[in-house]
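Below is one structure, written out as structure tokens, with a few remarks after it.
Note that the chains are named A, B, C, D, E, F, G, H, I and J in the order they appear, and that numbering of residues resets to 1 at the start of each chain.
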Amino acid sequence: MEFLVRSENRMPPETPPEVRERIRTAERVRALELREAGILKRLWRVPGRTATIGLYEAPDATALHDALASLPAAPWLDVTVEALATHPQERS
Amino acid sequence: MEFLVRSENRMPPETPPEVRERIRTAERVRALELREAGILKRLWRVPGRTATIGLYEAPDATALHDALASLPAAPWLDVTVEALATHPQERS
Amino acid sequence: MEFLVRSENRMPPETPPEVRERIRTAERVRALELREAGILKRLWRVPGRTATIGLYEAPDATALHDALASLPAAPWLDVTVEALATHPQERS
Amino acid sequence: MEFLVRSENRMPPETPPEVRERIRTAERVRALELREAGILKRLWRVPGRTATIGLYEAPDATALHDALASLPAAPWLDVTVEALATHPQERS
Amino acid sequence: MEFLVRSENRMPPETPPEVRERIRTAERVRALELREAGILKRLWRVPGRTATIGLYEAPDATALHDALASLPAAPWLDVTVEALATHPQERS
Amino acid sequence: MEFLVRSENRMPPETPPEVRERIRTAERVRALELREAGILKRLWRVPGRTATIGLYEAPDATALHDALASLPAAPWLDVTVEALATHPQERS
Amino acid sequence: MEFLVRSENRMPPETPPEVRERIRTAERVRALELREAGILKRLWRVPGRTATIGLYEAPDATALHDALASLPAAPWLDVTVEALATHPQERS
Amino acid sequence: MEFLVRSENRMPPETPPEVRERIRTAERVRALELREAGILKRLWRVPGRTATIGLYEAPDATALHDALASLPAAPWLDVTVEALATHPQERS
Amino acid sequence: MEFLVRSENRMPPETPPEVRERIRTAERVRALELREAGILKRLWRVPGRTATIGLYEAPDATALHDALASLPAAPWLDVTVEALATHPQERS
Amino acid sequence: MEFLVRSENRMPPETPPEVRERIRTAERVRALELREAGILKRLWRVPGRTATIGLYEAPDATALHDALASLPAAPWLDVTVEALATHPQERS
């Protein structure tokens, strides 16, 4: 099942660059793992913001939550999830 | 997987009583079928409104959509769906 | 460039079934053309609603508008468009 | 009488892990007591968030407030309560 | 238990005066009954609007819903209910 | 003239208990004075929140503001005021 | 006591011009009376809208409501009222 | 002085094509006049909507209102106006 | 041209009294100058809040911005400006 | 392709003046570069706020994001972007 996930990064601007960089690197590593596991399918940047829109696939909302909670930046992310149904045009 | 479903009935007040009654009866029949199928688990009324909050269980959002679209009142319902994850306290 | 397009169908419930069916069929034909042209890339149904979320690709917002305005259901659709930037993780 | 209770945890990300852990443990103990008392009937996690949706039963809003205020995390919770009426389909 | 009830009257302006008058009279009669039953305790008008704010007392949200649904103007009312807890200053 | 006053207490959770207690005690004393002066007529707690809804009576909005500003917790309160008109059913 | 009154005119565009004109004329007459009575003190147009912002003075919200309800266009107006307190800079 | 003007066209989808066309043609003529008068400086289409964003220049909000009210589609437009100040970077 | 200016003071409650007092005094001085210059015409307090509603007159939004930015409390104010058009009833 | 960019500066009021000044100067320099590159076409100030509205031109949302992220004040800016389509009146 697919989910649309909107995520705003609320890390304060005064966070030291090295902390910010460390989390960003770890985030990238974990995101790659989620991609390889087929959970994270697409990721876009919302222009002008430290925010992303992602297309995720997971068996259910619980598995999705576990994936999102495993992201190193999770404590600073304001996340909203929208369940997606398959459109008849894409059922085959 | 469980979903919280909020549903506002937008049928206009000037709908003839017999139309209203016919749809309500059919709605009740279909809701009973969804209960017996284990899809509709709980249903509450929002006090003061022709609105309900329902707890549904379905394999995914597509199956949920099909169940909701099968309700006779569906054309008049303004529905919002919220995916629910299992809380650690309830995982056993 | 990609766009996320949210579309609510406001066609009134009392629309005659044959009108509704005629537009739905034409909509499906046009959507297929937009898919073949590479403009409509993915389409989801918002569970419980006559609403969709679509992933579109178009050279710019003007081309996107022309594509959306060409949909037979366009007069009844309440559409919001969100411009998407490529995420660094997907730049290669 | 049943209530739907939405609760966002606003504890800041920089809270020391041991404080966070201590409150989480105490929260779990208290929640279990509320379950045994028949006040907390179901609890879900909102996917992607440190937020929950709970189904509570209490004689009235005052008793509900006392139960919610007894949670160790209460000072950090942003809680909204919705009173639920029994749906005719569930009256027996 | 007390409830704060906000009610907007959505009856269209072009409703014939005699219909409007008939419903208003019936509404007044029913409101008086609810007062005598101790369910409707106070009623205010929102200045400038065909809207009211009422203080109701009922055993629970189901009884409140039944009282509100018994109002002759109910089909045109857009009602929101807020559960009220007793404040410590008023517990004695 | 009556006013409906909604008040959210924004005092941060990390406020030292003795400060919190001192202000709560002073608040209670001042609220009692406002009751005796006939300004504060009813006070409810919004369940689950450090928020109240109050029914006040004052000659005008200026006198109401002075009363609200005299509360010891005023600097932390986020207050919204709604002017209430007498409903015809209560004019005698 | 002064009030800030925001008023949106919801009269449908297809209202016959002569009906519209008749109401506008009557509205103007009544507004002039309210000015002469010292109730309507200032009136602005919200640019681009059939909406106004008015500064009213009335003994209380009940008197204000009676004044607003006496406007011939009242059935089509969506009105919101904001109670104003005298600013210390203007108390003399 | 410049203004940013957002305008949603609420003309119902069932408006006869010849009415719609007549108004669109007249709208275009009037818009051209406003351009030549230096009042309408830029006009964009909001993608996916029958909505526009315009950059206007007028001596004040009253003159702007008169310009907007002179548009043949004005009765169907839902318009919001935002006053713009010159940015220091553009003051010369 | 007139403007309606809504201003919320976001100065944190823990600001030292002498800082708060110093700014308030300077604010009063500057406000008086703006009154004498005919820019600030009326000022109201929003009851229950550290917020004001002001009626300003300025040649355009740039002059208004300069006036508002000259207020000593400006760094803490959350200001929204609404352009006002003269109502036909007040054109003479 | 053009974009409308709304930007609120959330730099806290207690930021030291020299930090604020340094960033403002750098911001001005970078904005000038973006103007010369044809990316920033117009910039307005929202009256009363430390906010701007800008008209940008960029090949796509990714290029726009890179331009916005290059602004020295970016970490403190709350930015929203709206894609603009060319209006038929301006197509030539």
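A few notes on this one:
Please note the rule applied: contacts are C-beta pairs under 8 Å (C-beta built on N, C-alpha and C of every residue); 3 or more make two chains touch, one makes a residue touch a chain.
All values derive from a computational prediction rather than experimental measurement.
Touching chain E and chain I at once are the following chains: F, G. The set of chains touching chain B and also touching chain I is empty.
More than half of the contact pairs of A-B, counted by residue number, reappear in one of F-I, B-D or C-J; that pair is C-J. Looking at which of F-G and B-D shares more C-beta pairs in contact, the answer is the pair B-D.
Centroid to centroid, with C-alpha atoms defining each point, chain A and chain C lie 24 Å apart.
Chain centres here are Cα means. That of chain F falls 43 Å from that of chain J. Residue positions of chain A touching 2 or more other chains: 3, 45-47, 61-62, 64-65, 81-86. An unclassified topology is adopted by the chain contact network, corresponding to no line, ring, star or complete arrangement. Chain pairs that touch, as defined above: A-B, A-C, A-D, A-J, B-C, B-D, B-E, C-H, C-J, D-E, D-F, E-F, E-G, F-G, F-I, G-H, G-I, H-I, H-J, I-J.
Put simply, chain H touches chain J in their complex at residues 2, 4, 28, 31-32, 42-47, 52-53, 82-90.
Here chain J touches chain I in the complex through residues 13, 45-49, going by the rule given at the top.
Interface residues of chain D, counted against chain F in their complex, comprise 3, 5, 7, 61-62, 64-65, 68, 75-81.
Listed in rising order, the residues of chain H touching chain I in the complex are 1, 3, 59-62, 64-65, 81-86.
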